[in-house]
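What follows is a set of structures for review.
Each of the next two complexes has chain A plus one other chain: chain B in the first, chain C in the second.
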Partner chain A sequence: MARVKFLCDGDRCIECNACVTACKNENEVPWGINRRRVVTINDGKPGERSISMACMHCTDAPCKAVCPVDCFFTTADGVVLHSKDLCIGCGYCFYACPFGAPQYPRVGNFGSRGKMDKCTYCAGGPEADLTMAEYEKYGANRLAEGKLPLCAEMCSTKALLAGDGEIIAQIYKERVVKRGYGSGAWGWKTAYREGIDV
Partner chain B sequence: MSDKKKPEGLDRRGFLRAMGAGAAVTAAVPLTATEAQAMKPPGDEGKARYRESEHVKTFYKVNRY
Partner chain C sequence: MTRGGFGRRIAVAAFVALFSVCLAMTLAPRAGWAQQARQGVNPTAQAVKEEQLLKELDRVTGRVSIPDSKAGTLIQPEGREWRAYHERTLHWIGGIAILGMLAVLALFYSVRGKIRIEHGWAGVKIMRFTTFERFVHWLTASSFIVLALSGLNVVFGKVLLLPLVGSDAFAVFSQWAKYAHNYLSFAFAAGIVLTFVIWVTENIPNRTDIAWAKQGGGILGHAHPPAGKFNGGQKLIFWSVVLVGAAIAASGYVLMFPFYGTNIADMQVAQIIHGVLGVLMIAVILAHIYIGTLGMEGAFDAMGTGEVDLNWAKEHHSLWVEEEMSKARAAGGGAAVPAE
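And now, the complex of A and B:
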């Protein structure tokens, strides 16, 4: 059985935020929530790197471990999903997650929280596949359609990989072997001034 | 005042007594008639959704470039 994963190629990500926009549009993500975001380090300096982050669908998910109502479940292909019918919006998962994946819609004044929302790997939720109830609560179920998450599928530089963990790891390995790394990579000294070593 | 006729049907005390008896019966029924249920009924929510379709194979192919 395949174990699905995300893998972001830090050498290819150009911080265009198209993955963030695509995710929001595909899943009708509520205002104030981004299921995916692009993190940049050393912004504007030599050695700047960007990486697209969302729920990492952990094998031993901390969000699942701390949930007091046990609303999380892991599918057979390794996607961590949750039930919005069971979620009480306590916020424990938000504090437990090292990636900041769980987000809460603001449903009213005085800090009241709604049901937790997070990346579903475009795999819907516990409802029946490809139903309106599933779409309204969790967004698209592209995996059931035989597709992959839209963020990865429409990445312009093909930085964001999704799919069977073993296959995308092999693809990344092939890339690294072919291009070298940092200043040793093909075209590096053309794109950047000589003497910048990363 | 004393010869005022009482309205027909249940008076206030009778009504409350009847309500109390009804509530007791209602409370007793679930204890005997229903069985304990799991919070989440077992379903196919944990099934694998990923499959290696032609679409997915094409994605892998173009990402090797």
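And now, the complex of A and C:
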């Protein structure tokens, strides 16, 4: 089995936000929740870079470690998923997540949190693959259909890469060697405890 | 040749001169760039780098075009430190504080046993706490017990309870525990405020407490150092409940109202304060419960019926009894015992 990862090539991202839109549409993500967002660093200054960020599906995921009801699990592909049936909306995964991935719909008074929602790597949830129950809670299960996450698949500049971690790291390395520069694989050291040395 | 032809020639000459100056001006720097490019200059030399940003600020933030401005934090590696605190440090602090306190109390009980009323029951009662005072105490106490158990469930539940009941039952229980924790916090906070209001004047430390503390409060020996309505130990309980309780409530409300003037880092700090003070307060309250029930004969009546045995009161709160007696004498003339 491959260990799937995300990689955003900051030197290619043009902040078109198509990945954000594609994600919301493909997964029918509720209003107010963004599983993926594009952050622009040094906006308007020389050397500005935009990074598309969602759940990085960390190795030894912090969200999974701190969850008081143990609702997270890692699939054989390395995708970090969670059960909305078990989640109690305590917010701890959000404190622990280095990437701000967990999101909570507001369901009551004073910002009380509903069931947590986050990027599933378009891999659905613990329900049976490609069922309506799975789609309603977690969105699409493209992995079960043999497809990659939509955000990366339709990225116009191919800045956002998804797939086997080793293959996308190789693609990124080749790019950096060819063009002579690269601002790095953002978040990799934090998520996977390894960068990409070129 | 006409005058017009001469004029045109001058115009052409001027145009040529101007054009060559312009050309020279545009070409010069371009030649420079070409030279630089040949030397292999990185066109993105100024580009931001993750490593450098994390070194400077320990988090990476930027601008987002979605309305959710907090999504502008791209990477916050402190999440890992908070995780280490929550999964290791807090378990150790909580385990040592609570189990340590239970061990100390068990040891104390085996050595000292139940502290008896030395002169036996007098059979005469004296009013110690009014109905309202007892209401405030039990409001705070009952909400605290639920808050403590549901809080401990968040810290230790998945280690202790989850393997016993299974994940579905545990999730349902934890969901209700969370609701109880959130909503009963208001009862607890109200209890803290009322506790402060009704008892603060009798809990201001004074010289009696120093003498009381010097004799170890009579806890280990059989001495009965004089004390007012509240002795030094009770004053310590009072102030820890009021101050620690207020800090726990305040940090809890920070967590309950996410992003109301706070960010992730603030909430991590609030959670650390809330968790550590919470387990410490549980340990303190265990001692309070022990001495009020199992540890001392006659003590529970104070918060039970509100009336305590006169001999108990004379032994543990001599100054308070004297005060009550003189008050009663002044008011009723001879009625030394206010309640029977």
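Just so we're on the same page, the second predicted complex is superposed on the first by the 181 of 198 C-alpha atoms of A that agree within 3 Å, B and C clash if a C-alpha of one lies under 4 Å from a C-alpha of the other, contacts with A are read in each partner's own complex, and residues count from 1 in each chain.
Assume a contact is a pair of C-beta atoms (placed from the backbone, for glycine too) under 8 Å apart; a residue touches a chain by one contact, two chains touch by 3 or more.
Source: prediction; values computed, not measured.
Participant: Tell me which partner A:16 touches in the superposition: chain B (first), chain C (second), both or neither.
Facilitator: Neither chain B nor chain C is touched by A:16.
Participant: Just chain B (first), just chain C (second), both, or neither: which does A:41 touch?
Facilitator: second
Participant: With the two complexes superposed on chain A, say which partner A:146 touches: chain B (first), chain C (second), both, or neither.
Facilitator: In the superposition, A:146 touches chain B alone.
Participant: For A:49, decide between first (touching chain B), second (touching chain C), both and neither.
Facilitator: second
Participant: Tell me the contact category for A:73 with respect to chain B and chain C: first, second, both or neither.
Facilitator: first
Participant: Is A:164 in contact with chain B, with chain C, with both, or with neither (first, second, both, neither)?
Facilitator: In the superposed model, A:164 contacts chain B only, not chain C.
Participant: Figure out whether A:7 sits in contact with chain B (first) or chain C (second), or with both, or with neither.
Facilitator: neither
Participant: Contacts for A:154 in the overlay, against chain B (first) and chain C (second): which applies, first, second, both or neither?
Facilitator: Neither partner.
Participant: Among the partners chain B and chain C, which is in contact with a greater number of residues of chain A?
Facilitator: C
Participant: Looking at the overlay, what does A:86 touch: chain B (first), chain C (second), both, or neither?
Facilitator: In the superposed model, A:86 contacts both chain B and chain C.
Participant: Do any residues of chain A touch both chain B and chain C, and if so, which are they?
Facilitator: 70, 86
Participant: Which of the residues in chain A end up touching chain B in this complex?
Facilitator: For this pair, the touching residues of chain A are 1-2, 4, 70, 73-77, 79, 81, 83, 86, 123-126, 129, 141, 143-144, 146-148, 152-153, 158, 161-164, 167-168, 171, 174.
Participant: For the complex, give me every residue of chain C touching chain A.
Facilitator: Going through chain C, the ones touching chain A are 40, 42-51, 53, 60-66, 68, 70-80, 82-83, 86-87, 153-155, 157-158, 162, 167-168, 170-171, 174-175, 178, 182, 255-260, 264, 267-268, 271.
Participant: Help me check something: in the complex, which residues belonging to chain A touch chain C?
Facilitator: Residues 10-11, 15, 17, 20, 32, 34, 37-43, 46-51, 53, 62, 65-71, 85-92, 94-100, 110-113, 180-181, 183-184, 186-187, 189-190.
Participant: Name, in rising order, each residue of chain B that touches chain A in their complex.
Facilitator: Spelled out, the residues of chain B in touch with chain A are 39-40, 43, 45-56, 59-60, 62-65.
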